[in-house]
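Both complexes below contain chain A, partnered by chain B and then by chain C.
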Partner chain A sequence: MNLLEARDVSVRFGSFTAVDKVSVNVGPGERVGLIGPNGAGKSSLFAALSGFEDAGGGTIRFNGRDVTGYGPVRRARAGLGRTFQVPKEFAHLSVRENLMTAAPSQAGESLLSLLFAASRVARQEKEIGAEADSHLEFLNIAHVANESAVRLSGGQKKLLELGRVLMTGPKLILLDEPFAGVNPVLIGEISDRIRELSGQGISVLIVEHNLNALSQLVDRLYVMDRGRIMAEGKPDEVLASDIVREAYMGGVA
Partner chain B sequence: MEAYLIAIAVYALVYLLMGLGLNLHYGFTGLINFGHVGFFAIGAYASCLLTLAGYPMPLGFALALLLPALAAIPIGYLSLRLRSDYLAIVTLGFSEVVRLAIINEKWLTNGVQGVPGIPDVAQGFGLPVSGSVAALIVLLIANALAIALVYRLTRSPFGRAIQAIRDDEEAVRALGKDPGSFKIRVFMIGASLAGLAGAIYGHYITYITPEQFLPLVTFYVWVAIILGGAGKVSGTIVGTLALMTFLEGSRFLRDLLPGVSEVEMASVRLFVIGLALILLVRFRPSGIMGDWTSGGTQR
Partner chain C sequence: MTVAYLMNLAVNGAVEGLLVGLLALAVTLVFGVARFPNASAGDVAMVGAYSGWLLQSAIVSLGPLSLVFAGVTAMASAALVSLALYWLVFRALSGRVGVYALIASIGAAFVLRSVVTFFLGHDQQVFAVPLTRALSIGPLRVLPIDLWVGAIALAAMVCVFVILRMTAMGRRMRAIADNPQLAMVSGIPAARTMSGLWLMAGALSGLAGCLLGLKTVIAPEMGWDLLLPAFAATILGSVGNPLGAVIGGVIIGIAQEVSTPFVGFTYKIAIGFVVMLLVLLVRPEGLFVARARVR
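The block that comes next holds the complex of A and B.
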């Protein structure tokens, strides 16, 4: 059974159809890539999957539930996390605080608890802090834990976003261009971390332009062009097919 | 001279109490509230009218905390759907609606004639000092409590969440947190602080009229928190002191500018304040103490 099942999802902006009846699946622990030229509709599809855009008459099932009517907050709570193409760090919080913010159902977010259950809040803060520290270690950014997030490099911000999603306890993470603007060494490191995560049963769906790094990382690839899925399959086979070449090269002509 | 100094201290502390509330709205949560004086006015009229009707002053203060918070709820809901610039317009409109309601609901507020004979703070709390000194004492206590509250809030998980909302609301939603409930609560708390400031001000001045609650009051508070550095408690304190120095210090400009009438002087003072603000944002854009963009996570 699939973890994510999106059927006939469409995203329209006025008269322009960015995503045209697209269906995608992601299985438990699976690593899936989504490629396609600029303007193919990948980011719009991500927006629909994460609840930021309407599914346009399609249906989205996640973890056995119909989440089509859910907004981004409820989808995230259901375990469907995402990162953004341009990192959306909380610029003026520290890296550690960025992660701690993401922990679900914190007692200290209630004003009554702050006033009347201070010790419970303090205890939970310790636990959340420890969890944040372990993710920071895992992502190898523990040395910048107390820096303001705004000071991080592009690659470190990508890792920070990944760490923040991990704090929410996701079952599936939609990663929007995790390698963009990231140096080659760090790309390898991020890939290793993603492999480890799927080893722990966390699925990923990755939009990425770095086809070389992506094809080594994922189990399966979707190719999108002009709002539609053009091909699907094992990375080597898909990348060797004419359809992909045409989408990337011929689509412009 | 002593009376003058007490008066300045009272005004400074009234502005500080309002500023602490607005700093929660804007400095920590990024909500642009141009109608802060509306909450201030509601607090002033609520407490003054209640005590004039014979109820004890602590009850008046309680109502001055409660009513502005309730008034903030619909504004908070509006803030969920409005972009920040529209929220600015809506809040400005709200404070003008409050003022016009005060002018027109004569049966309750006595309209433009205002409410005279309000019990002072010494009477209200049975203190053996003058009304001004009593107001000063109560303001000092209220500000100390408010500062403690703001520190407690902003250094908590709640404070972390509101600052995250300020920095990137979409990312907060993507992490499964609803910014709405945070924004509404922040609006309520900040409004309560302004309402309490209004109540103490009313009992200090003992005579309130609608023209004391013009949008200019809101913008003085804005000037204070931007001068000092938004998103920091120390910034609000320093900024309020700077504002009072400008407002009061510019009185002495008269000696330097002979032949300027009282009416013209009021404009000159505003000009001086405006010029000071322009120079500050030109040479120190994040305020005297540095705002949230400059200080990392220390406050």
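The block that comes next holds the complex of A and C.
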């Protein structure tokens, strides 16, 4: 059974159709790529999958549940996490706080438990802190744990985003251009982390323009152009097909 | 006019400034997270003062202990009024430009004041405070009640900073202030954090109102009169910066009091704004920059 099943998802902005009845599936622990030229509708599809845009009459099932009517908060809590093309961070929180704040259902969120269940709050705070630290270790950014997030480099912010999503206990992570503006060494490192995560059963759906790094990483590839899925299959087969060459290079090749 | 006289005014102004700062803290927290200047904060403070006074009138036989209960009542009732305003009014406006919520908050302020004057009239009221002798510290003569008021205001501020910096609730408030969209994809339910924010802002306002009532008198206009310098303090200390709001409040409180011998009581509110304008001419971003913000 698929973890994510999106059927006939459409995203329209006025009279412009950015995503036109697109269907995508992601299985448990699977690594899937989504490529296509600029303006193909990849980011709009991500917006619909993460609950920022309406599914336009389509349906989105996740982990056996119909999440079509869920907003971004409920989708995140259901285990559908995402990162952003331009990495976002809570700029004035420390790196560690960025992770800690994403942990679900914390007792210390409520004034009442702060007043009357202080020991439980303190214990949970410690657990969440330890979890954040282990993710920071895993992502190799533990040395900047107490820095303001705004001071991280672009590549470190990508890792921070991944860490923040991991704190929410995701089953699927939508990664929006994880390699953009990242140096080659760090690309290898991020790829390794993604492989390890899928080894733990966490699926990823990755939008990426770095086809070389992506094709080595994913099990399966979707190609999008002008709002539609043009091709799907194993990375090397898909990349060798004429349809993809045409979409990317306007038929010159 | 002696130096000692001015120094006494300055001390008095500092205590009043802490109260301005307390309300400014409530205003700046709401601004940082909910993104609009909440003009109902002053009248929420007034509601706190009246409910504290009502309770104290009923249990005045308890002596000074009745004042403690009055303070707790003021904070609790103002917190609930503030939470109710969020759920009934401001939550529905949260997606819109801040000016909608600002106008709504002005309306809420008038409604609160009308309700209070309808039931309790326009007369000034006072807390039953035990008479005490002023303490002499060098040239200064300080009333013990002023020391209490200042100390309680400071303690409340410390509590707010602890909550903001050291608890999950404060972390989430700062996260939402920082990037509401990212907070959503991180699965942070805004309504819960916002409820905490409005409770906290309400309790701070209620305490400010109650302490002002203790120091001076309780009147229907007291909240509005405290709100204007609190707005000035918020801007002076850089909008959204909690510590800035407190320091801005103290500066304005001192400026207002020390100016009274020169300009008279009537114009002292204007002095707060003059100070604010002068500082903004030199530092348009306020005294402090974004660094220490809520956000």
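Please note the rule applied: the second predicted complex is superposed on the first by the 250 of 253 C-alpha atoms of A that agree within 3 Å, B and C clash if a C-alpha of one lies under 4 Å from a C-alpha of the other, contacts with A are read in each partner's own complex, and residues count from 1 in each chain.
What we mean here is this: a contact is a pair of C-beta atoms (placed from the backbone, for glycine too) under 8 Å apart; a residue touches a chain by one contact, two chains touch by 3 or more.
Keep in mind that what you see is a predicted model, and the values were worked out from it rather than measured.
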Clash or fit (per the criteria above) of chain B with chain C on chain A: clash
Partner chain(s) touched by A:134 [first = chain B, second = chain C, both, neither]: neither
First (chain B), second (chain C), both or neither touched by A:63: neither
Touched partner set for A:114, first chain B, second chain C, both or neither: both
Partner chain(s) touched by A:90 [first = chain B, second = chain C, both, neither]: both
Chain B versus chain C as contact partner of A:168, first or second or both or neither: both
Intersection of the chain A residues that touch chain B with those that touch chain C: 50, 71-73, 76-77, 81-82, 84, 88-93, 97-98, 100-102, 104, 106-111, 114, 121, 125, 128, 164-165, 167-168
Sites on chain A touched by chain B in the complex: 50, 52, 71-77, 81-82, 84, 88-94, 97-98, 100-102, 104, 106-111, 114, 121, 125, 128, 146-148, 150, 164-165, 167-168
Contacting residues of chain A [partner chain C, same complex]: 50, 71-73, 76-77, 81-82, 84, 88-93, 97-98, 100-104, 106-111, 114, 121, 125, 128, 164-165, 167-168
Chain A partner contacts - residues on chain B that touch it in the complex: 152-153, 156-158, 160-161, 163-164, 166-168, 170-178, 182, 185, 189, 231, 292-293, 296-297
Complex contacts: residues of chain C adjacent to chain A: 163, 167-169, 171-172, 174-175, 178-179, 181-190, 192-193, 196, 199-200, 290-291, 293, 295
